[in-house]
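Following are the structures in question.
Okay, so chain A shows up in both of these, paired with chain B first and chain C after.
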Partner chain A sequence: MHHFKRLAASTAIVLCASGALAQDSITVAIQLEPPNLDPTSGAAQAVDSVLYANVFEGLTRFDADGAVVRGLAQSWDISDDGLVYTFNLAAGVTFHDGTTMDAEDVKFSLDRARAEDSTNAQKVLFEDIADVTVIDPLTVQVTLAQPNGMFLFNLAWGDAVIVAPESIETIATNPIGTGPFTFTNWAQGDRIDMARNENYWGAAPALETATFRFISDPTAAFAAMMAEDVDVFVGYPAPENLPQFEADPRFQVLVGNTEGETILAMNNQVAPFDNILVRQAVTHAIDRQAIIDGAMFGLGTPIGTHFAPHNPDYVDLLANSQFDPDLSRALLEEAGMADGFTATLKLPPPSYARRGGEIIASQLRAVGIETEITNLEWAQWLEEVFTNKDFGLTIISHTEPMDINIYANPDYYFQYDNPDFRAVLDELNATTDPAARSALLAQAQTIISEDYVNAYLFQLAVATVARAEITGLWVNQPTAAVDLTGVSWGN
Partner chain B sequence: MIRYALGRFASLVISLIVASIVIFAVVEVIPGDPAAFMLGVNARPDTIAALRAEMGLDQPLIARYLSWVGGMMQGDFGMSWTYKTPVADLIGDRVWVSLPLAIYALILSTIVAFPAGIYAASRRGSAGDTAIMGATQLGVAIPNFWFAMILVLIFAINLRWFSAGGFPGWGNPLAAIKALTLPAVALALPQAAILARVMRSSLLDMLGEDFIRTARAKGLTRRQALWRHALRNALIPVLTIIGLQFSFLLAGGIIIEQVFFLPGLGRLIFQSISARDLIVVESVVMLLVFTVIMVNFIVDLTYAAVDPRLRVRA
Partner chain C sequence: MSRNLIIGAGLTLFFTALAALSFLWTPYDIELLDIPNRLMTPGGAHLLGTDHFGRDILSMIMMGARTSIAVALVAVGIGMGLGVPLGLWAAARHGSLLDDLIMRGNDLVFAFPSLVIAILITAVFGPSAINAIIAIGIFNIPVFARLTRSAALPLWERDFIRAARVCGKSSARISAEHILPNITNLMIVQGTIQFSLGILAEAALSYIGLGAQPPTASWGRMLADAQTLVSLAPHVALIPGFAILLTVLGLNLLGDGLRDWLDPKIRVVRT
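What follows is the complex of A and B.
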């Protein structure tokens, strides 16, 4: 042991290079490395975490609070019937390879995403598009088959960014967008580098260069922050360390919301969960705060329906499913299951599911429901639970923004089938008036809460640990993104 | 010697063929559809079908096996599904982390273990022997990932001499070696402990042999007999262990690669299995199997060089 230390020490003295950190560069760590750099194909969120708003831009975009704001489209007109959208594009926009971004590129991108052989993971976003027409280089007209109140929102997704036919072939390894940062290098397995786009059409970012690194191991993440190898960690994987960072003047800790509704999903078509009394009993057996404290170290906001609590249209329906084991047992008795029953509980890898699953199992046991816990990898979970619907209970965070529409699909894995709910959603899709939409969204949230489709647990929180001097970071994650446009080292 | 080598070579080829069939079969039966995994929960069935066709997953199993093996024979490992880059490039990048790391760790462990083992054997029962054996006991018992965390705590977080992890690439060789130092030390410790113990016991066995007594009777001192006669013979078990250790270091750095977030082969396998990037998993595992079989082949040949009797026996 002594030998090693001496050896390590002497090597260190020889090799230790002193390099002062330039204050216009930043190193950002996230947990997962993107499998490739094409935001318009696979569903991997890490692709958006690195590229969204930095390298690629869409017609519209999400801002830090999740509002849909102007992107490459500087303004738009919507016809009275809600079917025709005319977008006026920003002038003087070029892609990083020097080619011009114009209406042809918009048409190319949207047509490619909705094509028959498209491998866009969110193809559903473009389903309502009937036609895309180039009016002139800076004007493009999109015609929908039916009104869609979510259309501008859909266009803000990372999967709807504007790409160019000239660079599409190599997009997976050499992403060419219009954003404020230009992709420069990807050392696979280690880092992705980008540099300021000097020809950016909008306000220039403060940072000269940015590096993304990928650290999924909680201990390694802690070490990398503490050793100041990385300046920012978005989605810090070890909530138990956060108090230590808060107490350290070198760091700041930002805790924000994500779009992840974490639910205990129930298979609504399989006994005994096809019985609403049983589903209601499950929800009353669950103490949300105990799960948040025990599994998430206190991070997370309880939810009573499938909707993000930071959204202005959120309705507080927690009262429908208060923690009440006695009521739960009474409901089970009413359902003819006074002796309880046994159900499968299938858990995907994230800690909210694995740790949360153990706590939920013990809470359910207290009212007489035994669970058989199976831990699954993601690919297994997708096949067994999501595709084959072979489960009783599962815990999962639905991270797509505004995804209450999944309850309108009776084929969706929890198999909720309610024509009334579908009617509300159909009306919502056809409505563009904000007040009317709010009312319909409230109605939709109430229906699924009162039908006890799933047990709604909490809104997943995201923790960002950063050096204290850094400003301009997103606190919330309205979409998977690390938008560096407004980030700087203070001053 | 040539017949011995040919025999070993034939067994090498058979092992490789069997391994390729087993690897392909095992990897293909892992549950989980790669295309569905890549596209996530919002994907439509026709989108998944389009991607499956793009990845060649709609082909029959036998055809895919043959095209995989046929490709590998020509040095073509295929195209990664998720990374969308040639598997050979992926492996090529990672090998230059894992291989130097394994060699670095092996050198460190040998540098420490040989003198320690020889010293302990030549002074059996002395305080030095007891101290070395105690230290190796500890070295075997300490898990390398825990030792790695302690190294990070001391040298990266407190002293700030090293980065906590990551790999800057070989563009700057000194920085690259520096980045591999803590992981190599962490990997080398248990290996050195095992190797030192094997070295010591093997030498002690040899020192009790008749030919050593003969050598002593001819007038050699104990130390001369040890260096001239015992050491060479004691090397056979030590070489076996080094061969095994090298394979372990190359493939088994997976946990250490996680702790130091190094872009090595272990991490590539880990990521590829979770992403169901089967072609990458198959090719990397095959490469590792090939390496292990090759190392054993070389060790077998080295035995023959060290021990002339083996040449005749085969």
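What follows is the complex of A and C.
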């Protein structure tokens, strides 16, 4: 009888909820809060997670599968020498403050991003641009200094969205874009609200309002989902809870891939990691599957180089770094380190790093490498490891798409310095032919794999937990984005 | 002997024995991960089950007992070693500027919320078991200094101390030879209480990641690691939780029991 009462009560609640199922608002949780709301300066991923495709749009954009598709540019022509791109802009586009979006705004945005004093976090995306010319209000011509096969891809990044000179001063707190949602409020530390843009130039989104909330604590994330305080959690932080959500008819679980190559980074300029034999020994000491199972509860794909396995140009190089502790010990002996050594292992907060770090420490200990684990907060990690390069080993996921070019920068935190690799990337940047590009990308992947720059662990998976009725969510994360344009509460 | 004393001593002995045994033997090596066998329920090959890395929980509890006891013991040692002499000194110079200086200094340390300062110390100097010991130890000093002074002051008025003084003994010798033996009971009882607080503080610090670093086992970190697993494998969180609970309970009962047993005044009333 007791049970029946409870059942009746909960049915009543469900009925009430479905009574309100003409639902047109959604609450989305992500882990980190953006430090500001300007995607065109600052590197924080969370800015794109909230604003990309919702508030801001670029000339091109990524779709749910990572393909580059039309954005504000409805079509484009590329000259035969690959140097001149002529973009035809969509007509009737206005910014949320009512001003018109035209070729002048495109010129302003691109010139601002590539300017000398630009604070754009991905300035390298724009470095080939020689000139931006306004032909007429709906046509803009971009001239490159050299052919760049990635140019349309580069323009799809969140860092390349189109902004207006009228609203640029206050963009960090009041973002004005052209997207399907208008920013309405930011209660710092709690939430960001947005509402449907009634004057949107494209297909209107189904949702009336959307709220982003920020929950990084795995326990709080679990509680918030279970209590239905949030409708969607993109990047759910505790993979161990996923089976529970899967078993619960109220929820759906989407597991997709990301651009996050998770690596055990080694400081290539600091002894003993300046010795390729030592680096190779480290990679052979690591059992990737144990890390994927132990730290991620099975979510993730092993990688043998710094490249996303779902990319058609990915080369499977896992054979270069098979789990082989005996080989690892032999290599250490060859390097004159038969007795092993001690290295620092600095870990940022995500569980892939903290848990993965304990597993790696145990695996390295088995071949004689002792590690001193230090757990760092993000700010400390950015300062000590990323900026000051004061580390031996660290675990981090590189979530930018197509970021193999970081290996061409000898000042990057792991300090890999190889002129041959840089030559390959220079050639790649100047190549537009797809087949030639594939070959060069394969070559680049092979070089860093055979140089054992870092120990490549696995491609980070992303888990999205959502209420079962919700449709239209991205499964994969080709870029940091929670695109709400096509999201609705089912039928 | 009261029942409290027996239960308290039993629990304390049990966990001390576990810690001592861990130097010689643990069922499994806690540095070896066995991921295919993770989150096994208690029973079978692993008496208390395994955690999310497949490590044997009983072994981790034993090693964690060692960490907890070592940190708390040294921290209490710091507190007693510095606090008791300071208190004795202040009592011997009662009413002087020195007395004021020592006691106001103690008040200053007391005025800070101890755990917050412990977090500050470990955050500035880096998280490690050593820094946790120092942080916890510093806050034990004023506890012992105050207690010592207030227990020593009335003794200074007693006739046997006056006699010692008339014989020409210095204040330092009187403090060491006559005052200290008379307040030992009190120190033992307070030491037990501080010991249990030290274990709690160590667990709290390592829970927020500022105590002993992996792979050193620590009850607080076991709890933190198990946090998201509670619904999946409750034993992983419950076991270290109970270990902390029982140790602290045991020490508190022991402290209570010792006070009743050692304090002659209470004993007289009872008999």
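Methods note: the second predicted complex is superposed on the first by the 469 of 491 C-alpha atoms of A that agree within 3 Å, B and C clash if a C-alpha of one lies under 4 Å from a C-alpha of the other, contacts with A are read in each partner's own complex, and residues count from 1 in each chain.
Just so it is clear, a contact is a pair of C-beta atoms (placed from the backbone, for glycine too) under 8 Å apart; a residue touches a chain by one contact, two chains touch by 3 or more.
Just so we're clear, the structure is a prediction, and the values are computed from it rather than from any experiment.
Asks: Between chain B and chain C, positioned on chain A by superposition, is the outcome a clash or a fit?
Replies: Overlaying the two structures gives chain B and chain C room side by side.
Asks: More residues of chain A are touched by which partner: chain B or chain C?
Replies: Residues of chain A touched, chain B against chain C: more for B.
Asks: For A:238, is the partner it touches chain B (first), chain C (second), both, or none of the two (neither)?
Replies: Second partner only.
Asks: When the two structures are overlaid on chain A, which partner does A:193 contact: first (chain B), second (chain C), both, or neither?
Replies: In the superposition, A:193 touches no partner, neither chain B nor chain C.
Asks: For A:361 in the superposed arrangement: first (chain B), second (chain C), both or neither?
Replies: Touch partner of A:361: chain C, not chain B.
Asks: Let me test your reading of the model: by the given contact rule, A:386 touches which partner, first (chain B), second (chain C), both or neither?
Replies: first
Asks: In degrees, to the nearest 10, note the angle that opens at the C-alpha centre of chain A toward the centres of chain B and chain C.
Replies: Nearest-10 rounding gives 40 degrees.
Asks: Between chain B (first) and chain C (second), which does A:294 come into contact with in this model arrangement: first, second, both, or neither?
Replies: The second partner, chain C, only.
Asks: Looking at the overlay, what does A:400 touch: chain B (first), chain C (second), both, or neither?
Replies: first
Asks: State whether A:219 touches chain B only (first), chain C only (second), both chains, or neither.
Replies: In the superposition, A:219 touches chain B and chain C alike.
Asks: Using only CA atoms and the superposition described at the top, report the least gap between chain B and chain C in Å.
Replies: Shortest inter-chain C-alpha distance (chain B to chain C): 8 Å.
Asks: Just to be sure I follow: which residues of chain A are touched by chain B in one complex and then by chain C in the other one?
Replies: Residues common to the chain A contacts of chain C and of chain B are 219, listed in rising order.
Asks: Over in the complex, which chain A residues touch chain C? Could you list them?
Replies: 218-219, 222, 238, 240-241, 243-244, 290, 293-294, 355, 357-359, 361-363, 365, 372-375
Asks: Could you pull out which chain B residues touch chain A in their complex?
Replies: Touching chain A from chain B are residues 30-34, 36-44, 46-47, 50-51, 54, 82-85, 90, 93-94, 97, 108, 112, 135, 138-139, 149, 151-153, 155-157, 159-167, 169, 174-175, 177-178, 181-182, 185, 188-189, 258-264, 267-268, 271, 274-277.
Asks: Looking at the complex, which residues from chain C come into contact with chain A?
Replies: Against chain A, the touching part of chain C is residues 31-33, 35-36, 38, 52-54, 126-127, 209, 213-215, 227-229, 231-232.
Asks: In their shared complex, at which residues does chain A touch chain B?
Replies: 1, 3-4, 7-9, 11-13, 15-17, 33, 35-36, 38, 41-44, 116-124, 172-173, 187-191, 213-217, 219-220, 223-224, 226-229, 377-380, 382-384, 386-387, 398, 400
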